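Okay, so chain A shows up in both of these, paired with chain B first and chain C after.
On to the complex of A and B.
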């Protein structure tokens, strides 16, 4: 039997049972909206543009934050990887900062930046810079010391050293860090929207809850799951960039 | 015409066609989804604020405690508040003031009430001993006034277990007997009773303990209010004009409300735009009684008065 058909058996059965249970009154629809109602709510939100707008806002903040976090993580990772003493001196502070959940900064970020893209993407950047920094730092330390000696002998500038030796050497590990960071970016963005930021899918979710629209709540949760799967699929494509090609 | 002149002419034409809103001062107003806020919605939708020279915008803020930081950061200029949000903030040095009233409690028109599980047949506060009561927010206005009612009727609040239950979750918490009673607010209140999930026979705690007390009001940062007294005055005027209009044109008002409040209700709160320092005396007293605040706050400093 086709493997796709086999893997569809469980979800189709569950959804059918759920729909039937709601139809006969065995399942309380005020808590568990039936699948057809969820689909309808999602379709209406898509048609009226609210789902598209909210999705764009969430992805905008997640992407911007991820970009900024990656830039900061790579820069910091390379700098600390090459400056052993500085890395040792800053290690306790960085370990402490790294242990603080990014979401804990939400009230502070709201006070400093107010509502909007800057606040949300700043928190996402904070969350995503650490895995990238750790991966970059580890990769930078593993650079063959003789390569750096050769660069010094050839009197290469810092930029030349960065471009021809350091970046190619750390790139694969940076991609691994980036894969982890991509997972954080969407989760953190949605959480900030649920907690404080009146924009995006998280805001739509909390508003749906506050106004008793459980069908729309479930539709948004399903949509977030789809976005998460797409993000996961995209990040697994990054593996191709990190694996060296054989000639 | 030389290219340089063409550019200048194009820019001048563009500026000339820009919407007049760009010349207006921004006035961002934030509030949780509540029917109490309808006058502000009408003030915006009717164009009253625009006519007064303000480019108003409305933002629904699901969690009311996010309003003060939004005011301080400049994301909002005016935001909904309650005494239990303002008093601790002011006690801790936050520069917030009340700029206009929103709603008051009036006996006979209670929009906040205690409802209980029908199987428990509760008809008075003494039967609440040992039970679990859900409140929309621990140390919120509803919670504090409820505790005051208990003490006034001879029940020790420590003999009742308080659980924070968001309004949308009250129905399922009652149905599953996770809580025995909830302090609910319209329209959830009406829905629970109409759906047979709860009874409203234990007495009207809010009007008993705090008849005539302010429940919600509009706030701003003190610095902003001091720099924009005309904006505060315009906001108050538009609210005052909106209230009688809403009462006369409730269907049209509900249509305006539906753009920002994803529910409709025909419950009419007691709206009151005026706000006085004395409105906070009761709340300072009960806030101290139940340890929400530690000091005697000078209520004279809580209400913005244009110089």
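On to the complex of A and C.
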């Protein structure tokens, strides 16, 4: 049998069984809306603009947070990579901070910033700075020491050193950390919205569940999976970018 | 020389930790922001001490760890079984992998509403969400591990005329376990995150719920204390698993 045909068996039979089961009343539609209803709810949400607004809000918070987290991660990573002693001494403190799930800071961020974009992107920044920092730190430590000696001999300023030696040397590996961070950013943003923040796709999702719009809830879940896939594809593109430089 | 080196490193680490705590305390006491939401380590540790003394801390930690381990064990069993089936059989791979690949990019927290509908706001919902979210690294690593059993090992099993099951238990599984274990470690880290999330969402006893309640009642010191406790739990399990990994696979140490 054709391999595509085999691959289609499970999803096709699951979906048609689901649809048929709902049609004959074997599946409770208040818990599992039928696929056709989900499709309709998704189309309506896409047409009336609510889906676009929610998607924009989620992506806005995710990308702002990712940007801030990347900046913090790269800065910390380079600093610690150059200062061996500080890196060694700060290890338990940073490991301890890193062990706190970013989501756990949600209530605190809510107290400090209130509902909204700032609070959500702060949490995303906390979550995304760690993989970037770790990748940058590892890359900085691998810089050929002779390059830095040359820089010292040439009496380069710290900024010159940063631009001409350090950043080009660590770029490829930072991208690897960024790849992990992209995945975190979307998940964390959606989770904060589900928990407390009244904006974006996560809030639309939990609201749909609480108002018994199960069809809309599943439509949003499908859309989130699509967004997750796009984020995944984006990170693989980044990986390709990093290959020629990191070798 | 080596012992001296270790003592010197430990001293540096302790000094840095103390300096960090001191800077934090000073920033809260004399810093620009007088907000009551910024709490220093002295007050936070005082709360931990009090909850340690009256025993309420153990209830929270126990509930969180039990929930986390329950969801993670479920995820590990499902992930390893599914992964072994997919990694060993081309047919199962083609049958299941496309569906799984479509589910995988879904943020784990997005299944919370579904789990609430199916199970209600209770323990089962929490464990189901934790299991769903922390299953993926175990599953993918298991598939990878079984696909990459060295051909030489498979040939040895064939030459020794081992049955399918014996070959699986004595050759494939131990070989794949090198890949499975890091998946289990990542899975446990995800399980802790999802434990905190579901505790907040479903108001289940635990450290995540403590954080949430502290915020609702504006008890900032309790909130910081709970965050420190979560950090300590995450730190400890990660260190234990890292040490376990080093013990189990000493040849992988870099």
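Please note the rule applied: the second predicted complex is superposed on the first by the 235 of 247 C-alpha atoms of A that agree within 3 Å, B and C clash if a C-alpha of one lies under 4 Å from a C-alpha of the other, contacts with A are read in each partner's own complex, and residues count from 1 in each chain.
Methods note: contacts are C-beta pairs under 8 Å (C-beta built on N, C-alpha and C of every residue); 3 or more make two chains touch, one makes a residue touch a chain.
What you see is a predicted model, and the numbers here were worked out from it, not measured in a lab.
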- What is the contact status of A:195 with respect to chain B (first) and chain C (second): first, second, both, or neither? both
- Message: Going by the contact rule set out at the top, does A:31 touch chain B (first), chain C (second), both, or neither?
- Response: both
- Kindly classify A:186 by the partners it touches after superposition: chain B alone (first), chain C alone (second), both, or neither? second
- Message: Quick one: is A:211 in contact with chain B, with chain C, with both, or with neither? Answer first, second, both or neither.
- Response: first
- Task: Mind telling me which of the two, chain B or chain C, contacts the most residues of chain A?
- Result: C
- Scan A:107 for contacts with chain B and chain C and give back first, second, both or neither. both
- Given the touch rule stated above, what does A:115 touch, chain B (first), chain C (second), both, or neither? first
- Quick one: classify A:90 as touching chain B (first), chain C (second), both or neither. second
- Query: For chain A, which residues lie in the overlap of the chain B contacts and the chain C contacts?
  - Reply: 30-31, 107, 110-112, 195, 206, 209
- Along chain B, where are the residues that touch chain A in the complex? 30, 32-33, 59-63, 66, 69-70, 72-76, 166-168, 171-172, 175, 261-263
- Task: Under the touch definition given earlier, write down the residues of chain C that touch chain A in their complex.
- Result: 9, 12-13, 15-17, 20, 35, 37, 91, 94-99, 102-114, 116-118, 192-193, 196-197, 200-201, 208, 211-212, 214-216, 218, 220, 223-224, 226-227, 230-235, 238
- Task: State the interface residues of chain A toward chain C in the complex, per the touch definition above.
- Result: 3, 6-11, 14, 30-31, 85-86, 88-93, 95-97, 99-101, 103-108, 110-112, 186-187, 190-191, 194-195, 202, 205-206, 208-209, 214, 217-218, 220-221, 224-229, 231-232
- Item | Residues on chain A engaged by chain B in the complex (per definition of touch) | 28, 30-31, 107, 110-116, 195-196, 198, 203, 206-207, 209-213
